[in-house]
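Both complexes shown next keep chain A, but they swap its partner, so chain B is in the first and chain C is in the second.
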Partner chain A sequence: MAVLAGLDVGSLLAKAVILDEAEGILAHSVRLVAGNFQTAARDVLNAALDNCGLTAGTVASLGTTGLGAGFVNGPSLRNTEISCQARGVHYLLPRAGSVIEIGDQSTRVIRLTGQGKVADCVISDKCAMGSGRVLQVIARVLRITLEEMGGLSQEATRPVSFSTGCSVFVETEVISRIAEGAGVADIVGGLHRAMAVKIGGMADKARLEGDIAAAGGGACDPGLVKMLEKVIGQKVLVVDRPLLTGAVGAALMAAESRGRG
Partner chain B sequence: MFFAGIDIGSTITKIVIREDGGRQVALVRPTGAGHRRLADRVMEEALEQAGLTFDRIAFVVATGYGRVNVPFADAQLSEITCHMKGVNRLFPGVRTIIDIGGQDSKGIKVVNGKIGSFVMNDKCAAGTGRFLEVMADSLGLGLEETGEMALVSRSPVSMTRICTAYVGQEIVLRMSEGVPLEDIVAGVHQALCGRICSMVNKIGIEKEVVLTGGGAKNPGVVKYMEKIIGFPLLRPAEPLLTGALGASLAAQDLWRKAAAEGRAASPRERTLAPVSFFQ
Partner chain C sequence: MEEKKKKRSSAKTLQTAREAGYFGKKMLARTRSAVEAGQPVGWAMVEWWLGATIAKAMGVEMVFPENYGAFCAASRTAEANLDYSESDGFPSTLCGYARNCLGYTRRLKENGFVIPADATGGGMPKPDFLLACGAACDARYKWFQALGRYLDVPVWLLEFPQTGSREYFLPGNKEENIRFMVGELRSFVSFLESLLGRKMDWDALAERLDILFKTHALAHAVDRLRLAVPSPAMSTDFWALMIPHLYLPDDPETLAFYGRVYDEVKYKVDHNIGAVPNERYRMMFAELPPWHTLGFFDEVAERHGVAFAFESWNYHVPPPLPAGEKEGIGDPLELIARYSYHKFHHGADAGVKYGVDPIIFTAPYLEYVQDYRIDGLMCHPLVSCRPATYTLMHLRNVLLEKFKVPSVVVEGDIVDMRVFNEEEAHAKMDAFIETMDYHRELRRKEGLNW
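Let's look at the complex of A and B:
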């Protein structure tokens, strides 16, 4: 049996999927990059293969994407993060007309064509405020986990409003708000709202259409997704397995170009 | 007759006590977290150095981000006004002031000794001294060391990401590529200066240009600012003090104006006390 493999080596997480054209996703694996793209890419792919009991020899094609894709050893086909996200979301949630992908270092807002190609996109990778990084920074300051944030934000009664749109200054401001007695839930709620406003502005720019799908680590935060829905004024559908969209897209695009070649 | 200016910045508090046309005492202290209870102590220390008591000070002007926390000030003025006044006194030919602080940066256009226009960044840490602090912290070095280190580099790296939240990671990435440390450090200085210059360019950078704030004390910043702007910049002997100096000059102006109009300069009895939450 020949399968397709996809690797998405991000700044924080390495993700691998093993796909069968008929049966869909057979197995996946996610691990921290922890400073070494090369070992992370190798280990996560091996772990995904182990999870479905296959060996590297059965992989017909390997598609890669992400910041660390250049560190992947062996024959593979690399595609951009944007085209892989578009392709992966189209595969996992065919009715989606648009994608909001919230990663560690960047957020991408993509309008899709009917075939899951990129019609238009807006990327924020210059400023941490629009990305998952600010969630990690503030979680550390508040001494809570990323998983706890989603629930907390929905308990917020008076979300704080920050005077700044810079993640570094927000960190300072959170510390002063704690000193002033603001509750953790209201701080997290305020942070989610500030992020949602920023991402909502990107969504306007990209003129999103149709059903909006959320992907990436940020989509695992239900508080952020709720706030996005409120700001955009539309339901935001969270893709099944939101961390894997890039890897799925990479696997499919590599297989398609092999088919053409 | 003595006048005082106190400039409470996000990282450093500065004070200047001037005698009309005469001597001057200046003091620079870290602001720290307890700045609400700091102003009176810094003033006391400066008075002691000057050999004065507080009742000898005719008028006090407070400026800077913490200016509302100076209960003994007779007036509060924006730091833009005070910086401009201070720099204009030191360099009467100044046309452009570029101030690089710990938490903001500004550009001020001076026209006939008045503010023509100004731009300010306090929204993004990457355009402020904070950018360099975070870089130095992530390397475990002091700002003095990194400032000197930036001078040694022959080919500063160009930074792909300008966000302060990513600078630590970018440094690690460049080090893993084998880029020499001084080229990375110089690249961070160059990136900061490029950002500040493009902001100040909005109001136009015209000679003479005076550089102030903590950034003016950093040789790496001075080098790359001059490289980008294309001609030498002027710097005060103590670049941190221009705001406090300007505040003390403004104190004198306000006092004189009140005296000319025949009213009391200071609206109420004032004592040298820390700010209270009930004020």
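Let's look at the complex of A and C:
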């Protein structure tokens, strides 16, 4: 059987999916990049193939995207993260009219066409405050895991109000707030609110339409998603397997190109 | 490293555009020769032909620090000047042109006003006066004053009234502004006469103005040739060609050069030769370009068949003055005032028609987008420039609402390449192709004819 493969090699995680046009996602794999894009891309793809008992010879086309896509060995078709996210979300959640993808390095707000193409998009500016990176930084300072943040945020009774929009200064401010006796839940709640306000501004700019889907690592944080809903004033639907949307989109776009070619 | 630098500068598609850099070098060389010959030299802001033409008619050689900033950025030598101005306390959020100039001037002073041997393009010599202008940009009021830290020379400021769309049509408003500008110019002439100890040469001024109008008529005709599909020239061509028409329009050599530009572009239009092989999309750029990375536009053209068909209201010559406005004007200062005022207000009709303000940086684009059949706008908000930035989001919204023309926003700076992320810019452009396809379909459905 011939399958489609997609690789999304991000700054933190490498994600691979194996897709069958009739049967959907057959398998996937996610692993840390750990400073080596090439190795991470190779290993994550092999792991995904292993998971469905296939070999590289069965891959009809390989689509790649992400910061480390240029390091992928062998023939592949590289596409921009924005387009891949659009295709991937449309595939996994066809009713979505808009996407908020919160990645490690940046956040992308995308308005979709009916075919899962990019009608408009806004990308966060050069600032970690609107991306998943700040969650990792603050989790480390608070000595909690990323998985714990979502629950803590929803327990916040008096979310901390940060006086800065910069992740470097937020880190300092968190340390000061801890010293002042602020609770961890209120700090995480405040952080989520600050991020949600920033992302909400992007959503306004992109004039989101229809159902809004969340994807990327940030979508795995229910506290952040809840806060986004509050700020945007609309339900935010978390895509099934939100880490895989880029890889799915990459696989689909490679198949599109193959079809055209 | 050298390879990388070559890659970033634009190859340009017109032969004349490749030659246009000569005029920037000529301007710098003439000021240095003037100093050696004991002749006066001035530094001027871009003032849309108000004061520099007058100064040149009185025998002053003029050079433009904004152009010098672009020159330094394009040759990737601006960083040393930027750093030097920052180390003297000027914040990195100040205008990139200003910081480049302040850093350069600090070095000039510390070198006893002998141009440093490694100065880009041979450098700008110490001026006898500074000509500032209040048009377009608030930062420019303070920049030349701040040069007082290094230069003890007089600063003359030319005010330039810029009215809103509806205000432009208020009874008597325009004529009052023209009178004010003529008064400003008359005072400037008196200042120069006193500084230089010589009288104004009115014949020389009239002669220069005549050349200026002829040059600009050709430059405007070239702009109109660019309406053709496929586009005969790219924005990168224009940004090179603008040097002579913006800074040296009253020079006979510029006039002759523009004749050649016109012929080259006309030939391409007549023979259906596009700047980009297989043009697929026509984009417009607003407002000030990333001078340090103009090769970006070549790469976008190559990857996606995008012709940047028009750009930068700021640098374009206006449509010719209506004949009725020129007739019977005997005072060259009034003619200058009328023409420069016209540059800033020729979009007033469009401003009123579409209900937008300010006229500058906004209204003209609403006409360009239709005339040039534009598929998408690239907005380039500048970290260090408020005037060329604060209108962009407004313009983006208006173009989308009224013409279903989408925009892509790529942040950067005119001079400071450290804040321009080329990879990210390409990623945005790659995705924007789909956005243009989608809106092309929307325009078709709405009965818009491109």
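Here is the rule we use: the second predicted complex is superposed on the first by the 260 of 261 C-alpha atoms of A that agree within 3 Å, B and C clash if a C-alpha of one lies under 4 Å from a C-alpha of the other, contacts with A are read in each partner's own complex, and residues count from 1 in each chain.
As a convention for this text, a residue touches a chain if its C-beta (ideal position, glycine included) is under 8 Å from a C-beta of that chain, and two chains touch if they have at least 3 such contacts.
Remember, it's a predicted structure, so these values are computed and weren't measured experimentally.
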Combined model on chain A where chain B meets chain C, clash or fit: clash
First, second, both or neither for A:Val188, with chain B first and chain C second: neither
First, second, both or neither for A:Leu77, with chain B first and chain C second: neither
Partner chain in contact with A:Thr164 - chain B first, chain C second, else both or neither: first
Chain B versus chain C as contact partner of A:Val30, first or second or both or neither: neither
Chain B versus chain C as contact partner of A:Asp125, first or second or both or neither: both
Contacts of A:Val137 with chain B and chain C, given as first, second, both or neither: first
Chain B versus chain C as contact partner of A:Thr113, first or second or both or neither: second
Contacts of A:Ile232 with chain B and chain C, given as first, second, both or neither: neither
Chain B clash site on chain C (candidates 3-11, 39-47, 57-65 or 75-83): 75-83
On chain A, the residue positions that both chain B and chain C contact, one per complex: 125-126
Of all residues in chain A, those that touch chain B in their complex: 11, 35, 105, 125-128, 133-134, 137, 164-169
Complex interface listing, chain A residues touching chain C: 79-83, 86, 113, 117-123, 125-126, 205
Residue ranges of chain C in contact with chain A within the complex: 393, 406, 409, 411, 419, 421, 424, 427-428, 430-432, 434-435, 437-439
In the complex, chain B residues that touch chain A: 103, 122-126, 130, 134, 161-166, 169, 172
